[in-house]
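Okay, so chain A shows up in both of these, paired with chain B first and chain C after.
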Partner chain A sequence: MKKYDKVVKNAAGRQVPTIINGEEHVPFMGVGKHKPAGRKYAPRIASCADYPEDGNKEVSSLKEALINAGLRDGMTISTHHHFRDGDLIANQIFDIAHELGVKNLRWFPSASFPCHGHLIPYLEDGTINRIEGSMNGALGRFCSEGKMAGLGVLRSHGGRYQAVQDGEVQIDIAVIAAPTADSFGNANGVNGSAACGLLGFALADSQYADKVIVVTDNLVPFPAIPWQIHGNYVDYVVKVEQVGIAEKIISGTTKITKSPDRLLIAEMTARFCEAVGLIHDGFSYQAGAGGTALSIGNYFGDILRKNRWKARFIRAGSNKYPVEMLEEGLVEYILDGQTFDMEGIRSMRENPNHVWTSPFTSYNYHGKGNFASLVDVVVLGATEVDVNFNANVVSHSDGYLLHGIGGWQNTLFGKTTILPVPLFRDRIPVIRDEVTTLCAPGEMIDVIVTERGIAINPLRKDLITKANGIGLPVKTIQELKKEAEAICGVPDKPNLSNEIVAVIKWVDGTVLDSVYKVLE
Partner chain B sequence: MKKYDKVVKNAAGRQVPTIINGEEHVPFMGVGKHKPAGRKYAPRIASCADYPEDGNKEVSSLKEALINAGLRDGMTISTHHHFRDGDLIANQIFDIAHELGVKNLRWFPSASFPCHGHLIPYLEDGTINRIEGSMNGALGRFCSEGKMAGLGVLRSHGGRYQAVQDGEVQIDIAVIAAPTADSFGNANGVNGSAACGLLGFALADSQYADKVIVVTDNLVPFPAIPWQIHGNYVDYVVKVEQVGIAEKIISGTTKITKSPDRLLIAEMTARFCEAVGLIHDGFSYQAGAGGTALSIGNYFGDILRKNRWKARFIRAGSNKYPVEMLEEGLVEYILDGQTFDMEGIRSMRENPNHVWTSPFTSYNYHGKGNFASLVDVVVLGATEVDVNFNANVVSHSDGYLLHGIGGWQNTLFGKTTILPVPLFRDRIPVIRDEVTTLCAPGEMIDVIVTERGIAINPLRKDLITKANGIGLPVKTIQELKKEAEAICGVPDKPNLSNEIVAVIKWVDGTVLDSVYKVLE
Partner chain C sequence: MDKTGTAGNRGPRVRSDVWVEVSPVLSGGIQINIKSKVKALFGRQIRELAEEVLRFFELENAHVFIEDAGAVDFVLAARLEAAIKQVTKTEKEFLFPLLEENTTATKKDNFRFSRLYLPGNSPKLMINAGVHKPNGLILDLEDAVAPAKKFEARFLVRNALRTLRFYGAERMVRINQGARGLEDLNYVIPHHANMILIPKCESEKDIRQVAEKVEQLREQHEITHPVWFMPIIESAKGVMNAYQIAGADPHVAAMAIGLEDYTADLGTHRTNEGIESFFARSMVVNASRAAGIQPIDSVFSDVSDMEALAENVKRSKALGFDGMGCIHPRQIKVIHENFAPDAAEIDKAKKIFLAFKEAEAKGLGVVSLGSKMIDPPVVKRAMNTIKLAVNTGKLNKNWMEN
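== the complex of A and B ==
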C-alpha cells in the first residue's frame, strides 16, 4: 500500500494527497465550504443476551481482553491521553500485540507523549503501521524523518470526534484507561489514585468502537459514579495494579510565566481586550495552560474584579488559576475538557459548576453547532504565523513535527482569536512569509500580540477601528515581521524533501496541509 | 395501507401480526433468542456551517420551528412524558399540524396521559394515523374500540430506546419540552418552575431524530447546566409562556397505601425477602411508585436499619421515600429514571448521589448490557397473572387497554422479580388461566405475593427451598387461583373481536402479543 497518492492543490494553495493510506480523503475546500452528505457511522447492534447477566465484564488481564476482542493484523486500536506522560497502558497494548505477532496496526490515540517513545521499535518492526494522532517528541522526530511505514494523520480533538462519528476512522478496539470503574464498565476520571479529571477524549471511542475495553486500578462496586464513560458501551473490564503515574499526569506547563517578555505580552493582550471592549459582564474566554495564557487569565481576573463583573464561563483545560476564579465568584462556570493539575481535578470532583465537557459538546464540527463558536475571546499559542495571518502549531521552522493540534483548530471558531507570541524564539522570527505547516487559515486569526506590537487581521475592521487611540502599539503584520528580521536576520527555509510524511486535517475532515520529510 | 397482516403464532403461543402498519416485524422467539444482526440507525451528519455561529437557535414559535423542521404528511413526531398529565406541548404540536392541514402523522410519545384525550379528534380526522406508545384512559379506550386508523404499538421504555437506536422507528421531528434550556438547546429538568427532574425519556429522540426542537419556559444564558439533553443534537429552540402545569407533573399515586389488605401484602413481601435472604448489606432494589410498592420500600428501610446494613442503590422512579432513605444513609445511590414528586426533584438537583439515568443506561436490551439485570429485588404491579406466571400490565380483564408498559418489562431482568398483587379487584380475580394480554413470559416472574399467600415460580427451586419453614403461607399458584374463585366465582372471558388493534413488543423488538378490539 502506498503511503499516499494523487496530490492536488487545495483551496488554501497547499499540496495535499487525496489518497492516504489507501483511503480517499477530501482536500480542504475553504472554511465552512465542505458539506458532509452522508450518515454517521453505525456501530453493530449488541444484545444483552451476549453479556453477563450480573453485569460483571471483568477479565483477568489486558491480554485476555485484547484476545477476546479479536485483536488481529491491520486493526485500529485507540487510546486516550488524559494521563498525558503518565500513561501506563498504551505501551502495554503494543507489547502484547508484539508478543502475539500481530502486525500492521493503526494506533489512533487522542495524543501521544514522550513516554510513548517506547513504541518506536514497534513502528520499525511492523507491529504498528502508523500513528494517527499527535506525535510529540521522539515520535514526531521519527515521523519527520520519514521512518513511519504509513502516513501520519493529525487531527484536532474535534476533528478526531468528527472522524470517528463520520466513520472516516473505524475503531476496532478502544482501550480506555480509567482512574475508577465498576465491573460493568462505568468509568470516571475524578476518583482514584490516578485521577486525571475526566475521560472525554475517549467518548467517541466508547460510542463507536466495535469493542471497548476499560482498564482500571480502582475497581469499585457498581455503580461507579459519575459515569463519564457508560458501561453500556463496554465489552470488557480489566483490573491492573497501576493505570497511570499520578505525578506525570499533571502537566509541567501550568505555572504562570516569569519571563519579563512573556509577562509583557500577556499584559498587552489583556489591556488590548479591555480597551477594545472584548471583556464585559457575562463574557467568556478560553486560554491554554501555558505560562503566558495563564498570566493572561490572571489579568482577565483583575479586570473582572475591578469592574465587579462576572464571566459567564471559562472554556478550559483547567488548573488552579481558573479554579480560584470560580471559587472567588469571578466566573460562573468552568466548561472543562481536560484538567491540568490536582486543583482542577479536585474542583471538578466537588463543584457542580466545574463541568466536564467532551470533544463532542465543545468541538465536533459535524454536530448541530458546538461550544467553540460561543466563546468571546480565545487566546492561543503558535509556532509560526505568516503575513497572511495563517498559523502553525504542529511543526517548528526547521520542519520537524513536534506538537499536536489539540483543541487549537477547534477553538479558532471563537468570536475573537488572539495569538500572543514572541516576535522570535532562539533568534528565529515567529512571523514568516509563509508558515511551514498550515494549521489555521488566516481568516480564523484575528489578532497577533507580540512584545513589540499588536497586529490586527485586516478582516477585523471593527477591531481596527476600536483599537484606534487606545495607547497600544498597533502595527501591521509586515511591520512586525520587519522588526524581527532587523534583529535576527531573514530566516533560512527549512531543508525539506518533497516526500510527504503526514497530513494535517481541518476540523471538517478535509486535508489542510502536508508535512514533509526533513532532510539532514 | 392495512393496519396489519400475516398473523402467525409466536414462541409464546400468541397470534401476532408480522406486518404492522406496512412494515415487517419479527415475532417473539423466546427470551434472549432473537439476535439482532444489523447496525444502529445512522442519523445524517450535520455541519456547524449550517447552524448559527453565536449558538442561538431560538425561533419565535413552535409553529415556526415545526415548519422549519419540514413538518409534512406521514412524519413521525416524538414527545416525552416527564410532565405526565401536566404536559402542555404535545397537544399544541397536533393543533398546529391540524391547522396546517398535515395528515397521517405517527405520534411516538414515551407515554400518553389523560390530558392527551384532546387528540382524539385528530385521530378521527386523519391528522394522526396512530399512536405508538402507551395509551392511558380515553386514548386506550379509543384504541380498544378499534377506532384508531393505524395499529397501536406498545413498547417498554427500554424497547422504545431500542426501537429508535435500531432504526425500527425513525423519528422525523422530536419535540422536547424542557423546564430549563439555553438558546443552544442544552436542556434539563431539574430547574425552572415546571421542573420535572430529568429528561431521559427524550434521550434517544435527541440522539437519533432528524430534527430536534427544544421548547422551554425558562430560557437561561448558555450554558444551561446540567445538560441532560445536549444542545449539539438540537436544531431549534422555542420559548413559550408555560411548558407544563407544575401541580400535574407530580404523580397522584405516590402515597403509601392505607388499605389494610395492601399493607398486609407489602409486609408479607418484605418479610419474604428478608426471610429468604434477598436483603443483605449492599443489596439493591427497584420498586414502583404505587402505594403498595412504597410501603414495601419502607419495610425494606426498616430491615436495613435494624441490621445496620446499607443498600448500594435503589433504582427508581423516585419520590420522598427513597429520598429519605438516601438522606438517612440507608442507601448509597438512587439511580433514577423519573421523579414522581417535588422531593425527588429537589434531591436530584442537590444530591450528587441521586443520579439521573436514562432508558439507554437502565433498560436498552440492545446495549452491551444494561442496569436492569444488576438489581437484586424488583417489585412490580400487574393487572393479571396466570397459572404459568405470565403477567399482564396493560389491559384489564375486560380487554380494555388502559395502561402503558413503562419500564415494567425491562425491570423483569432483575435477579428476583416479585409481583405483590391482591387476589382480586372489584371481585374480579387477578390470577387467571391465561392473561388477557401477555406482557411478561412466565419465566421472568419469580414470586407472586397476595394477601392470602405467596406463590413461587417452580423454576426458582432455590427460593422454594429457602422459603421452607419461614412461617409465611407459601402455596401453589393454582391454590391461590382456587381461593379467589371460591370467593368471586370463575370470571367471564372478555368479549373480544378477533380484530387486532395494537401489539405488545418485547424488549428486543419482537412482537409478544396482540391486543384485540373490545366488543360492546
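== the complex of A and C ==
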C-alpha cells in the first residue's frame, strides 16, 4: 500500500494527497464549505446477555484484555493523553502487541508525549504502521525524517472526535487508562493517585470503539462517581499497580512567565483587548496554559476587578490561576477540557461551577454547534504566521514536527483570535512569507501581538478602527516582518523533500496541508 | 602557529550568542565548521559572514569552529573579531554601518527616570532591551563582565552601539575604572555613545582624565554630538568629594550613587529602608543640585519584589532624586510610575500653571490662586511637574485645549 496518492491543490493552495494510507480523503474546500452527507458511524449493537449480570468485567491483565478484545494485525488502537508525559499504559499495549507478534497497528492517541519515544522500535519493526495523532520530540523527528511506514495524520481535538463520529477512523480497541473506576467500567479522573481531572479525550473512544478496555490502579466498588466514562460502553476492566506517574501528569508549563519580553507581550495583549472593548461584563475567553497565556489571564483578572465585572466563563485547560479567579468571583464558570495541576483537579472535584467538558461539547465541527464559537477572546500560540495571517502550530521553521494541533484549530472559531508571539525566536522570525505548515487559514486569525507591535488582520476593519489612537504600536504585518528581518536577517527556506510524511486535517476532516520530509 | 583565539559563550542555556575558535594554520585555506541550532535557515548566512570577516582581517589559512545558538550578525562578527585579534596583530576594525536612528544626540537635562543595565557580554539581554522603553540603556563593560571576558565584550558593545536598536533610549556605556576604562573609550566614543558612566569616582581627577581622553577622541573622529558623563559615587571618599566631582567638567550631566559598594565601604549592610545610606544619598542630591545636574539613585537589587521597589522609588523621589538604575526590565514601569507625579500633584500643578498664564495675560506681576499668592519657584516646580506628567503619559500634551 502506498502511503499516499493523488496529490491535488486544495482551496488553500496547498498540495495535499487525497488517498491516504489507502483511504480516500477530501481536500480542504474552504472554511465551512465541506458539507458531510450520510449518517454517523455506529459501533456494533451489544447485548447484556453477553456481559456478566453482576457487572464485574474485570480480567486479570491488560494482555488478557487485549487478547479477549481480539487484538490482531492491522487494528486501530486508541488511547487518551490526560496523563501527558506520565502515561504508563500506552507503551504497555504495544509491548504486549510486540510480544504477541501482532503487526501493522495504527496507534490513534489524542496526543503523544516524549515518554512515548519508547515506541520507536515498534515503528521500526512493523508492530506499529503509523501514528495518527500529535507527534513531537523523538516521534516528531522520526516522522519528519520519513521513517514511519504509514502516513501520519494530525487532527485537532475536535477533529479527532469528528473523525471517530463520522467513521473516518474506526477504532477497534480503545484502552482508557483511568485514575478511578469500578469493575463495571464506570471511570473518572478526579479521584485516585493518578488524578488528572477529567477523561473527555476518551469520550469518543468509549462511545464508538468496537471494544473498550478500562485500566485503573484505583478500583472502587460500583458506582465510581462521577462516571465521566460510562461503564455501559466498556467491555473489560483491568486493575494494575500504577496507571500514571503523578508528578509527570501535572504539566511543567503551567507557571506565569518570568521573561520580561513575554510579560510585555502579555501586557500589550491585555491592554489591546481592553482598549478595543473586547473585555466587558459577561465576556468569555479561552486561556491557554503556556506562560504567556497565563500572564494574559492575570491581566484580564486585573481588568475585571478594576471594573467590578465578571467573566461569564473561561474556556480552559485549567490550573491554579483560573481557579483563583473562579474562587474570587471574577468568573462564573470554568469550562474545562483538560486539567493541568492539582488545584485544577481539586476545584473540579469540589466546585460545581468548574465543569468538565469533552471535545464533543466544545469542539466537534460535525455537531449542531459547539461552544468554541461562543468564546469572545481566544489567545493562542503559534510557531509561525505568514503575511496573509495563515498560522502554523505543528512544525518548527526547519520543518520538524514540534507540537500537536490540540484544541488550537477548534478555538479559532471564537469571536476574536489573538496570537501573542515574539517577533523572533533565536534569530528565527515568526512572521514569514509563507508558513512551513498551514494549520489555520488566515481568515481565522484576527490579531498578532508581538513585543514590537500589533498587526490586525485587514478583514477586521472594526478592530482596526477601534485600535486607532489607543496608544499601542499598531503596524501592518509586512512592517513587522521587515522589522524582524532587519534584526535577524532573511532566513532561507528549510531543506525539505517533496515527499509527504504526514497531513494536517482541518476541523471538518478535509486535508488542509502536507508535512514534508526533512532533508539533512 | 599553534595558537587558537576564542570568544563568546556556549552551553545548553546560552541563546542569541555564539562560541568561536579561530586557529591560523600554515596552509590549506579557510576551513569553517559550523554547528548551529538555526543552521537549516541561517547556515549559509553564518558561513558567508564568517568568510567576509576572515577576508577582511586577511586571514588566508585558518581552522574556524562556530557553535551558534541563534546569534545575529553583529554578535557573530564581534566574536570572530575578538578571536582573530587574539591570534593576529591588526589595527583594522570590522564595522557595520551605524544605524541612522542611533545617531541622535541627547540633551544635558534629558529625561532620566530609568536606565537599564545590560551586561556588556550578554547579547541575549541586549536584543529586546529597548522595547521595554527605559530612558537609558547602559552597555556595561564594568562589573557585569567577568575579567576574562573584558576584551571580547568591547567588540560586542562597539557593534551593539552601531547596530542594536535602542528604540529611543539614551545610549549609555559604563566603562571600567582607571586605565582599562580609558582604553574602553576607544571602542565607545567613535560609535555615538550619548553618555559615559564612570564608576567608583572619588575625585575630580577621575572625571578629568576621562574628559581629556573623550575630547581627544572627539577631535580625532570629528565627533559633533555631545558626550555626557554620569559619575557614580560608590565610596565614603566619593561622597565627601561629591560636589567637586559634579562640577569637574561641563559635560557631567548627572551623578549617581552606587549603594552596594558604598555600604561595603562603610562596613555596613544595605537595607531596603536605606537608613545607612541616608547621608550619602542626601549628599549626592545636594551636590548635584548645587552643581546644576541630575541626582540619580542606585539600583534596587531584589528584582522579584515590585512592592519594595515602589516604596524605594517613592523614598528616592522624596529625597530629591531624578531617577534610578534598573537591573531588570520589569523594574522600568514601576520606576516610571512612582517617579511620575501623582494625580493630586498634577492637578495642583495645572491650577498653578493656569493661574500663572492668566496673570501673565493680564499683565499682573503677582500670581495668585484663590486667596494665596504664588511665588516664582512654585510656578517653576509646577511647570516641571507638568512636563514630567506629559513625558510619563499621565497628562495629554494638549491638556490646555481641553
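Annotations for the structure displayed:
The rule we apply is simple: the second predicted complex is superposed on the first by the 520 of 520 C-alpha atoms of A that agree within 3 Å, B and C clash if a C-alpha of one lies under 4 Å from a C-alpha of the other, contacts with A are read in each partner's own complex, and residues count from 1 in each chain.
Operating definition for what follows: a contact is a pair of C-beta atoms (placed from the backbone, for glycine too) under 8 Å apart; a residue touches a chain by one contact, two chains touch by 3 or more.
It should be emphasised that the depicted structure is a prediction, and the values quoted were computed from it without experimental measurement.
Once the two complexes are laid over each other on the shared chain, residue contacts for A:333 go to chain B alone; chain C is not touched. Once the two complexes are laid over each other on the shared chain, residue contacts for A:398 go to chain C alone; chain B is not touched. When the two complexes are overlaid on their common chain A, residue A:52 makes contact with chain B while staying clear of chain C. Of the two partner chains placed around the shared chain by superposition, chain B is the only one that A:221 touches, whereas chain C remains out of contact. Counting the residues of chain A that each partner touches, chain B and chain C differ, and the larger count belongs to B.
Once the two complexes are overlaid on chain A, none of the chain A residues touched by chain B in the first is touched by chain C in the second. The touching residues of chain B, when paired with chain A in their complex, are 32-55, 57, 165-166, 184-185, 212, 221-223, 225-227, 230-235, 282, 312-313, 333, 335, 352-353, 355, 360-361, 364-371, 373-374, 413, 415, 508.
Chain A meets chain C in the complex at residues 260-261, 263-264, 397-399, 425-428, 451-452, 471, 487-489, 491-495, 518. Of all residues in chain C, only 15-16, 37-38, 40-45, 69-73, 127-128, 131-132, 165, 328-330, 393 touch chain A in the complex they form.
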